[in-house]
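In the two complexes below, subunit A is the common chain; its partner is subunit B in one and subunit C in the other.
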Partner chain A sequence: MHKDEYLHQLTHALNNIPEHERTEILADYEEHFIMGLADNRTEEEIAKALGDPRTIGREYAAISLIKRAEENPSAGGMSRAVTATVGLGIFNLLVVFIPFCILLFLIALVLVIGFSLACSGPFFVGYSVLELAGIVNIGLPVPPHAGVFFGIGLTSSGLLLMVLDFVLVRVLYRLGIRYLKWNIAVISGRETI
Partner chain B sequence: MCVLVLLGEKDRYGYELVQDISARFEISEGSIYPLLRRLRDEGCVSTYLQESAEGPARKYYSLTDHGKKYRDSLVLEWQEFIKAVNSLIEGEENA
Partner chain C sequence: MTLPTWVPSLREVIIWLFIISMVSFAIGGVITVMDGGKYKGNVTTLTVPILIPGTSISHSQVSLILEQGVLNISAGSGDTLINGTIKSKNAIIGPVNTYSTNNQTGILKIRQESTEFFDPREIEDTWDLTLHPDIPVDLSIECNAGELNINPGSCNLTSLFITCGTGDVFINLSAWNGSHLPASISLGIGSISVLVPEDASIAADTKTGVGSRTIEGLTGSEGVYFYTGSNSESSVISLSITQGVGDLTLKRDIQ
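So, the complex of A and B:
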């Protein structure tokens, strides 16, 4: 592969990352080619030693997306970072994608439980009051006096669960970013290099 | 770690660094640049451009104070690991 073809493929693989980063990266590889030619190597030799431009491009894209997800936390940013990291190797389907889905499911589950608890509280209080007033008699499982407090308790614990879920999401987000960075460093076996 | 050690000796430009590393390890030359970029993002190395006698300006990489500390901790970790492995191998031979 010639220099132009190589840089063209690399540009193509980098089309998801910001313009200024792409320019910088391409400049590094262009400099490498120029130095290599000055070193009496041919363009083909240099391109071969550099390795597949698409693989390199995918790695840059993943690094860039993780950095963006870290700077501007968002669900979409995290998903893109995870997807890009998964794209680096089939093994990552197992150690990145599946754990990510499980965590997402657990977070949603806790949120739904918290929300249901919080919503059921007012109904409980309402029925208890109605029963106390003698308007309805639907046979609550607890005495109506206790029912009022039980309802308040339900709402409070539901809200608490939701708040805890948000705290959990923030902690997991930070840990997730760290894990993705670590993952990229390890799968390329470059901790030592 | 090796990149940080090499940069600890003196500032080097990209191509020089890549040649030094790829002479020692079986690694595609192109994947060292992402590593350098990551180290720069993490504040371990800084870069500057310098004109050269032949050809265009070169991008030099230099180890920061943070990078030095990080390198020292990695080197220490590595030496302890090697020591543990060696003592295990020697122990096996004696047994």
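So, the complex of A and C:
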């Protein structure tokens, strides 16, 4: 593959990343060709040594999305970064996509449990108060005085779980970004990205 | 954007919620322990006698709908279609019965007390019922969660239809001696044990999910089992069993 064709394919593969990053990457690869030619190597040899431009494009696109997700944290940004990383190889389905889905499930599960507890508390307090007042006769499993406190405890522990889930999301987000960077570094053979 | 000083930090929110939770549970626990189990939570146990006359009918359709509890069915000896008691924990009105006759067919439906809306009461029933020994009965049982012990003895059971969400189902048909009994059992989670007469012809179609399967005295494989009675006048039982999770035991009552 000649230099022009190589750079054309690379440009096409880098279509989804910001203009300034694309220009920088293309300049780097052009420089590789210039230096290679100065060493009396042919354009075909240099292109072969540099690797498949489409694969390189996908890697840079994933790196760009990860950086954007890191700078502007959002669920959408993280999802795009994960999707781009998964696209780098079938093996990433196992080591990136499945763990990502499991973590999402766990986060949602903790949130649902916390929300349920937080909602059940007021009911418990309400029924306890109504039973204390002699308005209803519902057969609480504990004395109604205790039921009031258990209800408050349920609500506050539910809220606590939801807050802790929020903290967990922040921690997992940071760890996830680091893991994606490490994953791409391993795949591309770079030390860091 | 900086938050106003009166807004607590995330760390403070966590600490306060933790303290409130612990203190509330501790106070609630202390009150419960000090009460020493004396508080019965206004739990009421209602005992309702069930007595449906069996006169002037030649056939019957019995439908039992139990949300949660234990159902024991055995053979009766009197002249009643259904006889027995229903004990209901936390119930207010107890079970609801409807009985009518149509062309000498008695149609009975007994439904556990329940509401369509969220109900914090844990209504739990224990039904002890006996069947008329001679009147043919089409028996249908629906249960959400519970334990079903069906032991009709030599009652004239003409069909048996059971659907249950969670629980254990035990059916003893070893003394049944009718001509043909179609029986269908559908259970989500729990064990099923069925004991069939020694000399009846059996055709069982079983579909089970997770759990062990114990089949004794019948031949067959892959969920389909059968046994041919010793003579052409043997009773015939057609069993259809669908089970999600749990153990299945199907045995002939070999003496």
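Keep this in mind: the second predicted complex is superposed on the first by the 185 of 193 C-alpha atoms of A that agree within 3 Å, B and C clash if a C-alpha of one lies under 4 Å from a C-alpha of the other, contacts with A are read in each partner's own complex, and residues count from 1 in each chain.
Definition applied: contacts are C-beta pairs under 8 Å (C-beta built on N, C-alpha and C of every residue); 3 or more make two chains touch, one makes a residue touch a chain.
Keep in mind it's a predicted model, so treat the numbers as computed, not measured.
Of the two partner chains placed by the overlay, only subunit C lies in contact with A:147; subunit B stays clear of it. In the superposition on chain A, contact is made by A:25 with subunit B only, not with subunit C. In the superposed model, A:159 lies in contact with subunit C only, and not with subunit B. When the two complexes are overlaid on their common chain A, residue A:59 makes contact with subunit B while staying clear of subunit C. Contacts of A:34 after superposition: subunit B is touched, whereas subunit C is not reached.
In the overlay built on the shared chain, the residue A:135 is in contact with neither subunit B nor subunit C. Remark: subunit A residues 123, 127, 131, 137-143, 145-150, 152-153, 156-157, 159-160, 163-164, 166-167 touch subunit C in the complex. Interface of subunit A with subunit B (complex): residues 25, 27-29, 31-32, 34-36, 38-39, 49-53, 55-56, 59-60, 63, 67, 184-185, 188, 190-193.
Interface residues of subunit C facing subunit A in the complex, by the touch rule stated above, are 10, 13-14, 17-18, 20-22, 24-25, 27-29, 31-32, 35, 39, 41-44, 90, 120-122.
Residues 1-3, 13-15, 18, 21-22, 25, 27-35, 37-38, 41, 54-56, 58-59, 78 of subunit B are the ones that touch subunit A when the two sit in their complex.
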